[in-house]
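Written below as structure tokens is the structure these notes are about.
Lettered A, B, C and D in written order, each chain numbered from 1.
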Amino acid sequence: MNASTATGGTRKTVRAHQAQDSVDGSAKPVSYREALRAALREALIKDERVFIMGEDIGRYGGCYAVTLGLLEEFGPERIRDTPLSESAFVGAGIGAALAGMRPIVEIMTVNFSLLALDQILNNAATLLHMSGGQLNVPLVIRMTTGAGRQVAAQHSHSLEGWYAHIPGLRIVAPATLEDARGMIWTALQDPDPVLIFEHGGLYNTSGTLSPDAGPVDIDTAAIRRPGNDVTLITYGGTLPKTLAAADQLAADGISAEVVDLRTLRPLDDATILASVRRTHRVVIADEGWRSGSLSAEVSARITEQAFYDLDAPVERVCTAEVPIPYAWHLEEAALPQPATIADAARKAVG
Amino acid sequence: MAEFLMPSLGADMDQGTLLEWLVKPGDQVHKGDIVAVVDTAKAAVEVECFESGVMGSILVEPGRTVPVGTPLAVITPAGLAVIPAAPAPAEAVVAVVAAPAPVVGLPVPPSARRRVPATPPIRHLARQLGVDISKVHGTGEGGTVTHADVEAAAAATRRRPRVSPYARRLAAELGIDLTVIRGTGADGAIRAVDVRRALSEAKEGAAQAAPAATERPAAPQAAVTAPPPAEAEADKAAEADKAAERQAAMRRAIGNLMARSKREIPHYYLSTTIDLEPMTQWLRSRNRELPVPSRIVPAALLLKAAALAAREVPQLNGFWLDDHFVPAEHVHLGVAISLRDAGMVAPAIHDADTLTIADLMASLRDLVTRARTGRLRGGEMTDPTITVTNLGDRGVEAVFGVIYPPQVALAGFGKVTSAPYAVGGLLGVRSQVTATLAADHRASDGYTGARYLEAITRLLQKPEEL
Amino acid sequence: MTRQKQHEADPREPAGGEATHRRELLREMLRIRRFEERCVELYSATKIRGFLHLYIGEEAVAVGVCQALTPADPVVATYREHGHALARGVSMESLMAEMFAKVTGCSRGRGGSMHIFDTQRRFYGGNAIVGGGLPLAVGMALADKMRAIESVTACFFGDGAVAEGEFHECMNLAALWDLPLLFCCENNLYAMGTALERAQAETDLAARAGSYGMVSWPVDGMDVTAVEHAARRAAEAVRGGGGPHFLELRTYRFRAHSMYDPDRYRDKAEIERWRSRDPISMLTAQLKQDGQLTDHDLEVFEKEIAAEIAQAIDVAEAADFEPLEDLTKFVYSPRQT
Amino acid sequence: MTPQQAREQIGFALKRAAPGSDVDGIDPDADLRDALELDSLDFLQFVEILSETSGQRIDEDDYPEFATLNSSIRFLSAR
């Protein structure tokens, strides 16, 4: 039990403590957000080099309330609200990592990360190689991604595929409570920069999380639902939709296997290809725009390495190549949905 | 009767000179065929006809200049009863004008047909094979289109059957002729389900055939009819059924081969027990330093010994063809691999005698993986010169195999066991293996077979030199 | 509005007496000057490739500021970094080998002239993105402050960086969090081909820095003693928790922006005017005037420096290239098995 | 490593070493090699994948510890 060191925390934050304590108590329902918060608390407690920087993560408690209560517990030195200067505070995170700290930088959403892309690409991803192995950057950056909440084009991008293009970065997408709870500590142990993409639609999902849930690996994909007629490959926020699609397909007698990529760089080819070799048909559901998307890379690897196992062309269900519209019915039509994923699977099974 | 008229080949053209007829009365013509060459004011242009049918009488001879629209010849449209022999007189023809008069003013592209140098018989052949001669690149002297050019163009255009890669592999595995299958996929693409259906239908066909198993190779030849729509809702049982069919087909293919081998080859069998203590010790110490991926399994050493011994005893490394032994220059070592539920195959590791242990191990692992995922290459299936079966993993102590015709020998290794053993008067526990040889008495006799097993025994005492 | 501070007795005057120290400053500047001059020849002989930005004319800034730093103080510079690297003790051999793209180079031949790194000397070197190094320096200062380490992070950048958004973000963050950071703006009046007054509405950079609530002084960047003096006072304040300080070091580069630059945007008269205040010749003249330097001293310096440069070139020539198999090394760290 | 993680990694490695075989259904005390028809090459691949995912060194002398599923889990989680 944590001794609450709330210093002037408002009633709202205090109550938040109780809710989050359930993570340490018995396996009461827990939200994705609370699982992340438990992971951050664990890291802050176990390693004093860890500190968190980001816009409104302290007093405000985090735009998505992930860091609620941490300022009261760990103080302003280690829970640092920053001005709206993405390039500066992400670069500062890199500098502090170079100097031996273990910073966790929260960029409010992937949409604002574009302002820090130069620091992430030209410094974080490049320094180790360019310095001939001298400069490790043990930095973790978390950012919210994805659409589906009617916040329109500038707040609804899904650009993890861009970042997965960059050698020197590791890119992960926790879609389940176990991964939300377990990926942060593993990422912090990695001497190289790890970017964690949390889909905005997942924060409110909840379920039971075993009390001793701890760190998980960030190297392999996972089979969330075994099947043998078609392989549905997806990640992050699209996993729930893909599982729903698999249910619809089961009703039609089509047994769909759902593969959750979990790591977008490096891709776990072995698990992907083993599944494709069993089912011979593939649908990839990716919220990125189709052209040059991560789904294009996964599809290319499948045709390169499992060509003789394909009984139908690889199907891809991606976001329509439009700026995400505000109107609900347009946004819903633009995004991958269980129905469109299921249709693609039926087309593949034929 | 339809008439072939002098066409308008340009807005400013009112007459044309007929240079050459490319067809003669009685020839079959098709819509779009080039039938004549006409000279306009600007250039000589090949003229196509717009009717399919049989060429009737020629009305205008080469060299004459006639106004646009003048009937040049008569064509009996396809489908109309052809009045035998006597060609219809020209006048009677006038009444039936099927070919629409070309609409004056509609510009026909001047370069509609590139004038391709090709003799009439070549043009005719092109027409028969449905090849657009204007698109054929002439390789003959001066760019003329030759017979071969037309043949090649025809072959290229024959629509490549649309078959999914998995279906193509499955068909190869099950020995099913793709050309007889009707695909049910998009645009008639052939998919695995179609191959499996062809297999099951062939099985039924085979069942109705005469009970005495004929020499017919396992691949069924029966043509396949389109699947009834009810098939589409095949439930889970169908899936399991398909796997059973595949196994049955594989079983039958192996069965035929083994039966033929026992029938034709007078087998003789030899066996010996080999002390493997040196090999086991060497292997354990070597593997201890290696990372897991580069570790060596005992089987790799046994295979290398079998390959080297085959080079030492060439009489066992080759084929029995037309009643005489043909020695092989290389040692392509066949390795019997079990495909779990679907029988076994014995593809070759090429030049196994020349490979280092590490390379042999790597190619063994690659071969097994590809065998189990059905990606073996043709050459690997057809050219083993001697085969080894290693049932050691299954706990069998000795195995007397059946030779794979047309090879003349099959070596076998049982389980590596540790047993009491007397060496130099001392009793101790040492690991050992039972090595066997099945050989074709037509090609060799027991003495040669014994030399082979003796060679393997000797080679395995110095593992570091393998 | 520049706030002038009176000159208090600086408790940590350099040891070894005034004259020796001034001669040492001269020798260091001369060493940088000759190294850069030799680089011009090597570049035209295609021994050095890629982009090369020379420090000729600005030697006083690097030498002067580095006098105020301890070996443990982190330094972040830019692509015009040979002077800073040499002043911070990065060996001439590893610098030359790096530009010869050899594996013995300080970055294994992977960075070249613009990306010099040497963690032993906490030299976090080159950054080819204008202003790209500033956030790194902020982070390092933050890390040392959080661990109560009494250090000064020195961050060198040019007047061009002042136009980057990152500059303003970092100045504000450093001041807001009171970080132990010494901003060293080498104002050489040109951002590549764009004169300062054609890029900035307000050209008094020291005054601008003051607007962030930060102590800032303009400094004559051609006078190494003035630079050292200002750097020592600022560094001492920063090390003592006085928060970030900003030095606008007014200096000039005698050669073009880089080897590719025909230098058409500066008129010859201006260049001559600044050459007349060459930091090396000015210090040489003063030392001779004060009887603290003889021609013999100069000859000895030149000979030693020439020998050091020749040695560095020979070693670089003889060194190996990085083996091709290492291409993908250091993209990620080796997995801890 | 917790037994739960050991079980997960061993199951994963077995599935990749012997694709298509019913790994989840086997009796945890049955001999792995017989139950899944693993020959020496399959078993080597199983060890290879397991040592990769678990990051632990597995020598040939340890092979007997991997006779059954339960013995494997005990061995892996004890390290």
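Details
One rule holds for everything that comes next: contacts are C-beta pairs under 8 Å (C-beta built on N, C-alpha and C of every residue); 3 or more make two chains touch, one makes a residue touch a chain.
Model, not experiment: these values are computed from the prediction.
Of all chains present, the one whose mean CA position sits nearest the global mean of protein CA atoms is A.
In terms of C-beta pairs in contact, the better-connected of the chain pairs B-D and A-D is B-D. Distance between chain centres (mean CA atoms), chain B to chain D: 40 Å. Distance between chain A and chain D, defined via averaged C-alpha coordinates, is recorded as 30 Å. Centroids of chain C and chain D (each the mean of its C-alpha atoms) stand 58 Å apart. One inter-chain figure worth recording: chain A and chain B are separated by 47 Å, centre to centre, where each centre is the mean of the chain's CA atoms.
Chain D has residues 19-20 in contact with two or more other chains.
Residues of chain A in contact with at least two other chains: 277. Of all residues in chain B, only 164-169, 184-186, 191-192, 233, 235-236, 239, 373-375 touch chain A in the complex they form. Chain D meets chain B in the complex at residues 18-21, 33, 37-41, 44-45, 47-48, 51-52, 58-60. Only residues 228, 253, 277, 280, 307-312, 350 of chain A touch chain B when the two sit together in their complex.
Note for the complex: chain D touches chain A at residues 2, 12, 15-16, 19-20, 53.
Put simply, chain C touches chain A in their complex at residues 74, 76, 105-111, 115, 117-119, 124, 127-129, 132, 134-144, 146-147, 165-166, 169-170, 172-173, 176-177, 329-333.
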